[in-house]
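Each of the two complexes below includes chain A, the first together with chain B, the second together with chain C.
After this line comes the complex of A and B, so read on.
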């Protein structure tokens, strides 16, 4: 039962090692000197040299990598050059925010994707099919950051219906229990904070979710078409089962598997796509942390956040792979 | 005789949209009427010319430095199309070579390519390109290079599966039995079979390249500050959304039209060339 999970886990280790190596190598190409950047402009050469030694930047690259990897494995991500705070703490603050946004977006993507897939299937061989397909093609031409901007313009500026900056109304202080704001608001018993957080989450989650819905729609439609070729659907019809019942109770159960696999892959992409949506909505998650770090050439943060994104993506794809194996007895041999 | 693919409605609409963007890019100096980097600090954030307070000289208004939005919009098409036209074929060549060799040779090379793809896939594309741009530094050339380095896997993944199927077909085996060399079999027998799929993937990748360039320029890691790109316009427009909405809307629409052109073309080609295609994005 647990074998598929164990197998995936064994494959993930080496991948992560190579990922960490690549991350480290890519950032060593950087034409800036992190030691000089961490010092005030008035610092002397000697002071900068001392800082470089303290950071270990004077040692061979291989040794630097070994030190960094060892510390990272012990949960020590170093100290931000620019913000002068431990990177681990920054990660703990921002990762829950990004997960909250991504999960909310995935719910949107799932609802739109499955609803849209069923609608596309219902329209097959009808007059509306061409229009519906064209709509999905056009929707696929709008990446998440364009949706984010369009939603700001439409719901934020034109209609003034929803906020589009940050996670809470100005003046509210964020309760910190788990870092997941919606959960924390409930835990401390503040429905007003919960409502504000939810309103702030709506636009970014919708923008991120809608961008990843069209492929889900298409795959669900295709697998429904395939499933309807099978005998048991005809059998059900002969037994007098209603069409809606066949679709929702008989066909969907089998057609949903490829869709779930795709959604797993999509969730990995979506998690990465959250970076832009965060930047556009000034949402204080890992994406904004990363972009700020990139602008300031803050190496410890870039490395740690880059690695965290990869760990989460690998965890998601592995879990989905294993889950699909468990759900589909035909793939288990 | 018009080939089947040219009669598909999507292909035609896609081609028309792209021809429009290309014409705008080529004719930008004639159409714009002024330089895209000409600043007028006395006329910043003007609204569009038909709105109250608009200036007839600035059809879509001006940005936060008083630069003409319309001129920047037209010149932005140049960077977008340049990146699409170079980065996408570059990624295609790298990915196709890896896929052909992996699928045909098998063995340790196939294993190596497979693991490389695994590693690449564990990076969200946006994160990987950001990290690469930090290492490479800004500039159009580096944007192109980063896109090639990130997106070769898109081609490799899909094509490798296709090559595996093709390489086991009877006519390829026959070519081997007749005594053709590996190179000749790859180039003359296997490669032609994957061309339809390749063309479709290339078209879609060009759309992706436009988006990635816009993303990187939006974040400030794309083109150099003195170059004109739609992503930069969006970054400027996002912070001045209430004063000058067209500063934001114009490049958003421009990106949509360009990407839709590539996607319609790719979708139409996929249908009429009848190839299997894995759907995915990111």
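After this line comes the complex of A and C, so read on.
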């Protein structure tokens, strides 16, 4: 069982190396001068040249890459050009918020996707099928930033039902233990802070998750249709097992496997899609950091965030692979 | 240490989920929540020049000198100052009753540390550039110091109230180090920083031992909301009490909503066309024609609800460099005549490039497009390209800017050196105009110590620059602000919005 998984894990290292190389090369091709960007506008050419030497930008590109890679492997992501702070610290400050948001969005996408997939399957060949198909197409075709604005208008402004900026109510002080606010609130025994954080998380998570639900719905529906062609479903019916029981206990167990794989892949996209949603909801995560970094051509941050996205996506994909291997005996053969 | 069992943990989570459905308790009237469009770059206020963060820093830190709402230079931590007639030294006398947030007394040693020792020790600070002429700071007593310069420095008093000039505590900084300070900064300002989440929010609490007038509001929460639509929604929903930098039309619309007031406040920021002296703009006729062809009143009406004042000089009305009598006319006929003299017409247009930002200041891209359309009518064909604001300096250093760039320049002080001087000094990266005739006059003017001559010189340079087409001032920028009607604040001519001036 472990061999296929080990093979996939072994590929992670080379993938990361290639990604780091591409990231570094792409950013060096940009027509920006990090040394000039790191200095105030009133800096002289001599001062900029000194900054260039101090940053190692006067060395050959291959040497620059080797230095950067070596430092990165030791956990040193360099110093932000714009903020003049260690990039590692900035990542640690922002990553938990983005993970929290992405996980919440994935829960939304999963709940909507699996629930919707079951509904689509139940509606197959019925009058409501066309409406359901249209709804999923609509959900899929609206980008997450538009959902974000729609939700703000509907639930924030029109109904005043949910907050849509930041992570906590203004009167509350954020506890800092792990950086994961929901967890920290519980760790310090503050259910009021937990509640506020949860309320603040609902809209961005929904905006991010909703666009990812329709593919899950469709894959689950198709998988269920396939599974229902299998003999064991007919046999279950012959044994007099009820339809709901067949669906939930027999068919879903097998149909969920491709859905899980898809959700694993989607998590990567969802993690990357948090950029705009974080800006719109003033959510202090890594996406917000990245948007600023791009605006200021802050190469050390862009490189580090890009690499972090890659690591997270690979970690999630590997975890999903492991889960699928665990659930599907045929893949272990 | 409290131990949480799984049951307690789960019960807590369930209770919290129930509470989640309840509306948030409104903040009391001794606090205010502000929606601000950008964050600080860090909590070392001397480190980076960030004009939009200056008001945020001013709530936690104090500057040696300050500006009144009408932008007059006024005492602050420094209660008296005297610039030597030759501009080579500045004598300062500090207040004796100022304490940092940790209770330690602020003295001239902290001043020397901030402006001299930190820079000399190799710390990378932007204030090193603004006090480049500083040779030393002599401490005369705990309340007296003298700044000495290697060449005349007439604008140093102005810079002591400008970007990055905030006094930080020497002993505390040496004790906790730079990272420690950035994590837990203390100043002498009216508020103490109690919570900060990068790109999230800043929570300030009143410094009850403040040496100056006590702020009326106990708590100030600044939500960093970068998206303008989200700021509009936040003020409309009532989740914040005041915000700035919303689109002009939204400010006007929200001003009609019950309980809200929308304002378009002219500030010390000029919108202008920065100009090269070569390529398609080597010909003065073409430059002047380009300037005459721009209907600034129409731009103000279209993009700023008429609130942005049309400018003829690179200075705003009421500042020392502004000359009321100097006007540069909107005159399309004159533009056509000038272009004809150089062999151009709408049928055979002069071709130039134009750069602009998109989203750096309100309606920048749309305004650039409108200018391109105005030029087309008289016989100038401009190819528009969008650049990031941060790239302007780099392109200018590399001599890669097109003939003209739509540019917004912030000068909270209103001093003419920081307007015409910075915008036209060929050695500084703000100016793409590299012609030595005007350039040498500008550079020489930086060393004029006599105040009357200094101001007169900058006024003359501003007029000469516009008359020769070296610079095309367009509008005085406006700050859009929306607030709850029962929230009062002090309006500053440079757009500072600060918690210590607010009350319900």
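Note that the second predicted complex is superposed on the first by the 331 of 333 C-alpha atoms of A that agree within 3 Å, B and C clash if a C-alpha of one lies under 4 Å from a C-alpha of the other, contacts with A are read in each partner's own complex, and residues count from 1 in each chain.
What we mean here is this: a residue touches a chain if its C-beta (ideal position, glycine included) is under 8 Å from a C-beta of that chain, and two chains touch if they have at least 3 such contacts.
Predicted model, so just to flag it, every value in this text is computed and none were measured.
Placing chain B and chain C on a common chain A by superposition gives a clash between them.
Touch criterion met: A:43 reaches chain C, while chain B stays clear of it. Once the two complexes are overlaid on the shared chain, A:272 sits against chain B while remaining clear of chain C. In the overlay built on the shared chain, the residue A:125 is in contact with neither chain B nor chain C. Applying the stated contact rule after C-alpha superposition, one finds that A:146 touches chain B and leaves chain C untouched. In the superposed pair of complexes, A:229 makes contact with neither chain B nor chain C.
After overlaying the two complexes on the shared chain, residue contacts for A:297 are found with chain B and with chain C alike. Using the contact criterion defined above for the overlaid structures, shared-chain residue A:163 touches chain C, although it does not reach chain B.
Chain A residues 149, 152-153, 156-157, 279-280, 291, 295, 297 lie at the interface with chain B in one structure and with chain C in the other. Looking at the complex, you find that chain C touches chain A at residues 2, 4, 9, 12-13, 15-20, 22-25, 27-28, 31, 33, 35, 39, 41-42, 47-49, 124, 126, 129-130, 132, 182, 194-195, 197-201, 203, 221, 223-227, 229-230, 233-234, 236-240, 388, 390-391, 393-394, 397, 427-430. Contacts from chain A toward chain C in the complex involve residues 32-33, 36-37, 39-45, 47-48, 82-85, 90, 93-94, 97, 149, 152-153, 156-157, 160, 163-171, 173-174, 185-187, 189, 191-192, 194-196, 198-199, 202, 279-285, 288-289, 291-292, 295-297. Against chain A, in their complex, chain B makes its touches with residues 10, 115, 118-119, 121-127, 130-137, 207, 211, 214-215, 218-221, 234, 238, 241-242, 245, 248-249, 252, 255-256, 259-260, 262-264, 267, 279-282.
On the side of chain A, the complex with chain B involves touching residues 11, 14-16, 18-19, 22-23, 26-31, 134, 137-138, 140-143, 145-146, 149-150, 152-153, 156-157, 212, 215, 218-219, 262, 265-266, 268-273, 275-276, 279-280, 290-291, 294-295, 297, 302, 306, 309-310, 313-314, 317.
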